[in-house]
Amino acid sequence: MTRTSESSTVEEPQTTPSTRPDANESPGRKIWAISLAVLAAIVAVIPLVTENNYYFDVVIGILLLAAGGSAWNLLGGYTGQISLGHAGFFGLGGYVSVLLFTQHGVTPWIGIPVGGLVAGLVGLLIGGLTLRLRGPFFVLATIAFAQVLLILAINLDDLTGGSPGVSVPFKAGVANMVFDNRGSYVWLIGGFLVVVFGLTAWIETHRLGSQARAVRESRDAAESLGINSTSVKLQMTATSSALTGIVGGLSAYYIAFIDPSSSFGIGRSIDFVLVAIIGGMGTVWGPILGAILIQLLHNELSGALGSSGAGLYLVVYGVLMIVVVLFFPKGIVGGLDIVRRRIRTNREGRARV
Amino acid sequence: MVLLQVLVSGLLLGGVYSLVSVGLTVVFGVVRISNFAHGAFVMLGMYSAYWAHELFALDPYVAAVVIVPLFFLLGMGVYQLAFRHTIGKDPLVQIFVSVGLLVALENLALFLFGADFRTVRTFAGQTAQLGPVNLPVGLLIAFVVSLAVALALMALIQRTKLGRATRAVTQDRVAATLMGVSTHRMYSVAFGISIACTGLAGSLLMPIKAVYPTVGTQFTLVAFVIVVLGGMGSVSGALIGGLVVGLVESLAGYYVSPAYQQLAYFVVFIIVLLARPQGLFGSAVAAEIGEEA
Amino acid sequence: MFEVRDVTKRFGGLTAVSDASLMVDSGEIVGVIGPNGAGKSTLFSVIAGVLRPDEGVVLDGEKVLTGLRPYRMARAGVARTFQTPRPFGALTVRENMVAAAHTVHRSTADAHAWAAECLERIGLTELAEVAASTLPLGMRKRLEVGRALATKPRLLLLDEVLGGLNPNEIDTMVALIRELRQSGMAICMVEHAMAIIMSLCDRIYVIDHGVVISTGTPQEVSSDQQVIDAYLGGSV
């Protein structure tokens, strides 16, 4: 942890003040601006075109999964640090924001960001401790971290209410983040997803993302090129865990309830990993596309199988995960890329004829 | 006297842990495949023993005679179907495949058997008295069997052609291939042995522990803890590591609080990973766990 | 002027480098030769900050660089290539270069512009959008050098960048190295191809069993009886 303080403030080597081209020329910026606008428009319009609560539930399910998957993706997809303990950050953010409200009357508009901050700081601590661990050992350490929090949340029942969980009192009002109309939650959580999306796109196209991917591919080579892998990993860990904490807070206020096993359980961690893998790890759109697919699949399967199918859709997910990892390592985004490239070569081929 | 009881209980519990871990040692320690679904197979083993008892009135110990060979085949099948395709790829692929397997198996069990805790009552549920110490018969049997299995595996790895070939493949895959050792055959046998061990562990655990779909998670974690603690790939290390973890859990349960019993081995695990990654007995694995700097 | 002064590095009982000293001036190509296991790689690792020497110092003029971690070494102007290239495989050639360029350019636009310039210099512009993992060995080695260049080093450590290349690729690489010398870079290279080393380097250090046994111009070194006995005598 001592390294963090020095890392971000390290002196940069002198850069020759170059003839800076128009800042807008920075590659892909326009594409991301358009994508961001499209996503924001979709989120803005949904509550205007329907009032059906069932649709709202589905959409909000997608939004929460997409935001959580995107947050995980910053660390797992871009930096190559595979965490199966993000439930820990999710639960921390949720519990901090809910307990601040139920025990101290702090409005969730403050409580949720505070929850994110706590999750981010804990992430920084865990990240610092586990930095040296590679592959399966890092995974194990993150699982152990979430399990420790799970055990604590169950047993510190004076503070957390123990296994039964805590309900968020229903006092309608914007200040309490309790809305009569579920469409408002679409705007709230969708708005947050837009922020996460924008942040991911920004990181992807800027220095941090470039360096993170270099560290992911080869830590030694990255260090030899002047990249401080410790600092890069910690920055990504802190961002990822803080965003996940906020997702936890939003989720708790949306369902107006929080309990240890659904917050800290390994299933929660796996959900985020799943949408990122299926959509495409290390891509901006991946977790969002993955979340749409997973949520719709979930609804279809539970519709088709009824209550007897409880759990069966997760069997399908598990198998899906194996198949995607083995045969479509870049997920949906990778698949779309191949299709796009094929269309382009076809078109060029025709143009040449 | 109470302390003696706590120590004995801890050792017996550790024997069970050793049994679960020895199987993981074979694939993770020796062959370096990270199988996060290891505990899920223990869960399957327990359900197998449970249903053998419910449907055919077989004692779990008798059922093991059938379950173990079946699980050996199951392990080879799982290797050929899934893990075979992960060899030589990014290690993350293997992690994700095993996590996918874990999700699928746990939820298959949930779908088929529900979330209920299920137990089997046999003679193994009784407790023997040895002086002032209580000895749960089921735990005692599990302890003895795991000792025997560990010794047998040690002999298998050290003495037989198969064991030597497996070690050769692990040390240098390319050279081994050149020498005509088929990597995939070795690995699938190793996987078979590993899963056979989980089948045995499940059968031995069923008389003393309730089964439910997610029971495996704790075994997966404990097993990885022990394999690392034992210095990766050493069967004797896993055996002793299992006993140590059992003791730690038992002592923590007595001196701290039963509620935090499980916290104890996570603490041990984290300390081992961070402070002494070469484990208690090994030495050359530090570089593998941590990065070189 | 970069200098290694009296460096000793031991691994347990084995002394890999013993009391070695070496100097590289800007605009100079210095060759380090010696039999396999002579300690060349260890010496490189010490300069690059991967290994901390047991004794001795690494200097940039008056500034002490000893013990800096690799990324700080790189920021201090020391870049190195790996004997076995380590491209960022899943990234494109351009992204490889951009990641390195970001060490000297915080702004994205500047980093991209500088990366494009370096790509042009190593002649990989045509392959900029190709995944680095798909490059053949010769191109990988060029990318390796290009990435190091993108960090704007003053000292460039080249670890067998000619090994495994075909004659054409060797010509291209040698021309690139000469060009870099022209631009005032200090270059230190470990190489096995004697003929090329002799024609390319301004000065040569011969290492055997961790000890610098001879140093001087290629002519001086190749006529040194000690060198002929210890190294050239047998194999060349």
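Think of it as A, B and C in the order they're written, each chain with its own count starting at 1.
Here is the rule we go by: contacts are C-beta pairs under 8 Å (C-beta built on N, C-alpha and C of every residue); 3 or more make two chains touch, one makes a residue touch a chain.
For each chain, UniProt lists the protein as follows: A = ABC transporter permease; B = Branched-chain amino acid ABC transporter permease; C = Branched-chain amino acid ABC transporter ATP-binding protein.
If you're wondering where the values come from, they're calculated on a predicted model, not measured in any experiment.
Seen from the Cα centre of subunit B, the chain whose own Cα centre is farthest off is C.
Among the chains present, the centre nearest to the common Cα mean is that of A.
The distance from the centre of subunit A (ABC transporter permease) to the centre of subunit C, with each centre set as the mean of the Cα atoms, comes to 41 Å. Distance between subunit B and subunit C, defined via averaged C-alpha coordinates, is recorded as 48 Å. With each centre defined as the average position of its C-alpha atoms, the distance from subunit A (ABC transporter permease) to subunit B rounds to 33 Å.
Touching of two or more other chains is recorded for residues 50, 69 of subunit C. Under the contact definition stated at the top, the residues of subunit B that touch 2 or more other chains are 293. Annotation for subunit A (ABC transporter permease): residues touching 2 or more other chains are 220, 223. Residues of subunit B that touch subunit A (ABC transporter permease) in their complex: 28, 34, 36, 82, 85-86, 91-93, 95-97, 99-108, 110-111, 213, 217, 221, 224-225, 228, 259-260, 262-263, 266, 269-270, 273-274, 277, 288-293. Contacts from subunit A (ABC transporter permease) toward subunit B in the complex involve residues 80, 82, 84, 129-130, 132-137, 139-141, 143-144, 147-148, 151-152, 154-155, 219-220, 223, 266, 270, 273-274, 277, 309-312, 314-315, 317-322, 325-326, 329. Considering their complex, residues 48, 50, 69-72, 74-77, 79-80, 82, 86-91, 95-96, 98-100, 102-114, 147-148, 150-152 of subunit C touch subunit A (ABC transporter permease).
Contacts from subunit A (ABC transporter permease) toward subunit C in the complex involve residues 10-13, 15, 18, 20-21, 23, 25-27, 205-207, 210-211, 213-214, 216-218, 220-229, 282.
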